[in-house]
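In what follows, a structure is listed as structure tokens, so that the remarks can point back to it.
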Amino acid sequence: MIDVALFGAGRIGSIHAGNIVRQPGVRLQYVVDVDRAAAEALAQKYGAKVADAETAFAEANVDAVVIASSTDTHAELILRSAKARKAIFCEKPVDLSLDRARKCAEAVRAAGVACVIGFQRRYDPTFASLKARIEDGEIGEPEMLVVTSRDPGAPPVDYIKRSGGIFKDMLIHDFDIFRWIIGDEAATVYATGSCLTNPEIETAGDIDATAVTIRTRHGHLAQINTIRRAAYGYDQRFEVIGSKGMLQAGNHRPTEVVLWSSGAITADKPEHFFLERYRAAYAAEMAHFFEVVAGRATPRTSIDDGVAALALAEAATTSWREQRIVELPAERP
Amino acid sequence: MIDVALFGAGRIGSIHAGNIVRQPGVRLQYVVDVDRAAAEALAQKYGAKVADAETAFAEANVDAVVIASSTDTHAELILRSAKARKAIFCEKPVDLSLDRARKCAEAVRAAGVACVIGFQRRYDPTFASLKARIEDGEIGEPEMLVVTSRDPGAPPVDYIKRSGGIFKDMLIHDFDIFRWIIGDEAATVYATGSCLTNPEIETAGDIDATAVTIRTRHGHLAQINTIRRAAYGYDQRFEVIGSKGMLQAGNHRPTEVVLWSSGAITADKPEHFFLERYRAAYAAEMAHFFEVVAGRATPRTSIDDGVAALALAEAATTSWREQRIVELPAERP
Amino acid sequence: MIDVALFGAGRIGSIHAGNIVRQPGVRLQYVVDVDRAAAEALAQKYGAKVADAETAFAEANVDAVVIASSTDTHAELILRSAKARKAIFCEKPVDLSLDRARKCAEAVRAAGVACVIGFQRRYDPTFASLKARIEDGEIGEPEMLVVTSRDPGAPPVDYIKRSGGIFKDMLIHDFDIFRWIIGDEAATVYATGSCLTNPEIETAGDIDATAVTIRTRHGHLAQINTIRRAAYGYDQRFEVIGSKGMLQAGNHRPTEVVLWSSGAITADKPEHFFLERYRAAYAAEMAHFFEVVAGRATPRTSIDDGVAALALAEAATTSWREQRIVELPAERP
Amino acid sequence: MIDVALFGAGRIGSIHAGNIVRQPGVRLQYVVDVDRAAAEALAQKYGAKVADAETAFAEANVDAVVIASSTDTHAELILRSAKARKAIFCEKPVDLSLDRARKCAEAVRAAGVACVIGFQRRYDPTFASLKARIEDGEIGEPEMLVVTSRDPGAPPVDYIKRSGGIFKDMLIHDFDIFRWIIGDEAATVYATGSCLTNPEIETAGDIDATAVTIRTRHGHLAQINTIRRAAYGYDQRFEVIGSKGMLQAGNHRPTEVVLWSSGAITADKPEHFFLERYRAAYAAEMAHFFEVVAGRATPRTSIDDGVAALALAEAATTSWREQRIVELPAERP
């Protein structure tokens, strides 16, 4: 039996809790949250106990931790988990500071503990199938990537202020998709953007729409376009052009109902937001984590992936702020 | 130079006129219509002359006639054209009477003149491509057919009264599609229907919605569903299930614009009605006719096809009226 | 806590077991199956006990039974459950005999127990959404229905022999869809069919492809086309034409990946078969059953629905066998 | 009667000739080409005469010229046409030199002659409908644009050498789309690219794949991705995100046939290349030109549009060559 301590009883923590308890041979033992009431409620729902961090780390039979608390706590919890030799699942981003993220990666490596970062998109059935088909050679060498990543609405400005900015908060996923799909290191990053939807975001020093271009060492090209508020909903698509063809990943829709009216033919909008769109991905990601914990798999989204995506986010932030093309050093292994 | 006399200067006659004058080596010489003003207007538009039927048939250098006048004139014009040894293009149906239609076919055969019937759907790029792919073996043996054939609105009741009823007027095309696609003779026909959209149609002794089932001699199955008034527009689809797969023919749309709004994703309705949907088909059909006249092709939609579709329409009418399953005699060659 | 006895530890029984244990406040107490090993395995997986039917019915604290055993056991188990005053979920069909099915319905009514029949399609997100939109008036009055219901392959001939024939085994679902969507009683049924895929099915006295037409008392029309072996997979679509528009229910696909190759644009086939296609429906159906058991809902798919669909299947069987149009008596309330 | 001289009897000249002769009240009088045989053939096909440029310009009753000769002849022919006070239709680009293009624009303005530039995409039914719907306010303010513009194969390297480079030759259309759709002036342009498909293109000093980003004065964003060789065909799509929704322009397909096979669901590839994809656009563009000549319309694609698109192409070329973000001066009216 694998015993788990969950840090964070918020929205994403609840999702993980539900997926943890569905894994055979896995038990949710502790829920840890500064919001005691939230921790209580979640613990009770799944027959777990509330604990503070000290207790959770001290408990020898806690084999694994799932970190879904606020971003500013990730690094410390990773370091303490590594020290306590517990397997780690941690939500993205590892940290807002690239240096601190690298220190976490070193600690994980040194401790020899398993660590999976929550880039759930790689576990999405559509995206994972597309990736497998690239590897099967269906489109030859992947040469170009176009990523469409649009949210249905911006989070509160208070959240944005603490988020590290749009590149670390929102595009971190898209940078990970880029690395995973193109499979070549970024050589230059160019990012521009605007504040189109809410002037308060600009006042907070951030933007809500971006256009990013990455050129890789082998000359492959990637474009990412994002907006915090796509009036029509949550839009998560990408397409990869290879030497022999193209693969597209489309949105998922709640239903396959189509209305033919006197004016037009209409289909459902995409799934509402990430909790709906990536429901299956969150489940598959947690199943994968426990495969890793059980020694039957190696992390598909490692802490090195977390660091690398953060490095791209930092480069993009610099490009946007300083209005220049940023060159990236060769990625460290 | 092939000289042509066109009978009928109405809506479909005008379409044919436009296509006649685009054929290389073909000249529209005469336009014949009881409505002299319509004939004048059309003749003037394309540099032709107005004539009466006698003149047109008497003129030795008229090589071909295109019959697009009202249905009740078709048989007589075919017979006179055959007698005058002119190549014939005639709109469907050949006649409302199966006997008279057969007499026309015999006259055409006896005179040895070319005769193409205006089943324009067979010349539609989508339908023709689907047929070619069946012949290429993409789906193996065609076993089942589902035809969706719906109009955006019923014609005036006065037209319906003279139309021969929904099976001869509207489904004649679908019966031809059945024969063309399934390639096996009908053994039984069952037709039912209702008057759903306009009670005056019922008063006129007709219906405006039908459900037809055909079983062939080899046990293949076809279902046709029609309605005179599909509130959403003109709907022309069919699908063929074969032993190895299925081929679907979809609607054509005016544009490929898609709107993603806050409520739904919406695409264009199908092309408005038959003049728009089958624009390319009408052009290809007329080009084919003059290939036949020039001796470079044999009719792809012969008068025998016209007779056979009419026989199915008559059987369906009987099935509906007498509320019974109608058996069909083996088709005569 | 609601205690449940599950009859049947086969494929569909396992699905139900997984959904039973996910319901809050519900416990799977007993698994009953003539195949003791299957019962043991399923019971162990979900922490339940194996029992024989007598024990299960005798146990006072068993509140509900889920009947997923072979069709020939349904009627007896329903009667015993009613007698024991347990809430009943039973897979379709209620029985192969319409008389016996009616007796079951009477017993259920007399005992005043809740009874839900496993027409899982009504709980499918796509189908349920479509139905809700009809009720919201999006297409006005539903006037025509076209149901496409095709399996990816025929079951073993031994199964077919005991199945009651294609109309009771396969089309029972489509007849239920007809009743649910059109909301009007059948007046006449016409069914024809063929054995197209496997001559042994014909030898067994059955067919593997059908074309059914229903006309309702108000003149509405429905066509159903089915085949046991659609070479391209499991095809579950229907479309409803109303006075103001059309609603279509399309297939679900495993992923939204699209390949653009040098030859064509290709998307995923539909979900493999009913266990995949209706995964969400099976879960929703079981959740509904326990809402009914808890007194918070009334059956959305009642035993009367089960009887009515069976009556249509019997009429269709007669129509096919006797090659005649079958008139249906007005449905009893 | 409007008399026309056509310069250029090549592929695109032939397309224009066919569309010229279909305009009511328009006569193709002269065909001019350095390849006399090509001129002869085209002239004969449409009942025109062959002439040299001097004759064509000297002829007082030539009202309009259509310039479809090689790019290096455009500027001189425009200047001579302006001097001769003839209405001008000229293929894109106006010239490879921005200075010379501006001189042409000034000459046209000074002479007061009508001038339409062949940005045929604006006349495409799909693109034109999308534009009209933006103007109708369907998506509010257009804020972001993503243009996908991919060719099925690169032209010969000899052509590429004389083409002015990928930005002036291929993306000139996309820059025009940007200006037309976004309706705001470019403030900065960033372009990167690679030679991915044929090393000879690199040797010739050009690239075959690009990623371009434009930020406008109001902060709107556009991304363009192109490749000379998309293995799957000609891909011409764009999408515009506005404050209230998104509009997408999709590819056109030759037919609406869909195959459901045992492996996948497959649809037609897009239309083969620009002659097929923009067939309707070429016709509509020529009809528009003669509306302009007749004084019933003003140019929808003016020589100023030609100059402005060229300015963007030049900025993109500089950005790519010098690996820097290029700022654009405010557009001159």
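A, B, C and D label the chains in the order they appear, each numbered from 1.
Note that contacts are C-beta pairs under 8 Å (C-beta built on N, C-alpha and C of every residue); 3 or more make two chains touch, one makes a residue touch a chain.
All values reported here derive from a predicted model rather than from experimental measurement.
Centroid distances from chain A, each centroid being the mean of CA atoms, peak for B.
Between B-C and A-B, more C-beta contact pairs are found at B-C. Chain centres here are Cα means. That of chain A falls 58 Å from that of chain B. Centre-to-centre, using mean CA coordinates, chain B is 42 Å away from chain C.
Listed for chain D are residues 139, 231-232, 235, 244-246, 259-262, each touching two or more other chains. Against chain C, the residues of chain B that register as touching in their complex are 139-140, 143-144, 146, 148, 150, 188, 190, 192-197, 209-211, 213, 215, 219-223, 225, 227, 230-232, 235, 241-246, 323-325.
Residue ranges of chain B in contact with chain D, taken from their complex: 125-126, 129-130, 133, 138-139, 244-252, 254-262.
Partner chain C is touched in their complex by these residues of chain D: 231-233, 235, 259-269.
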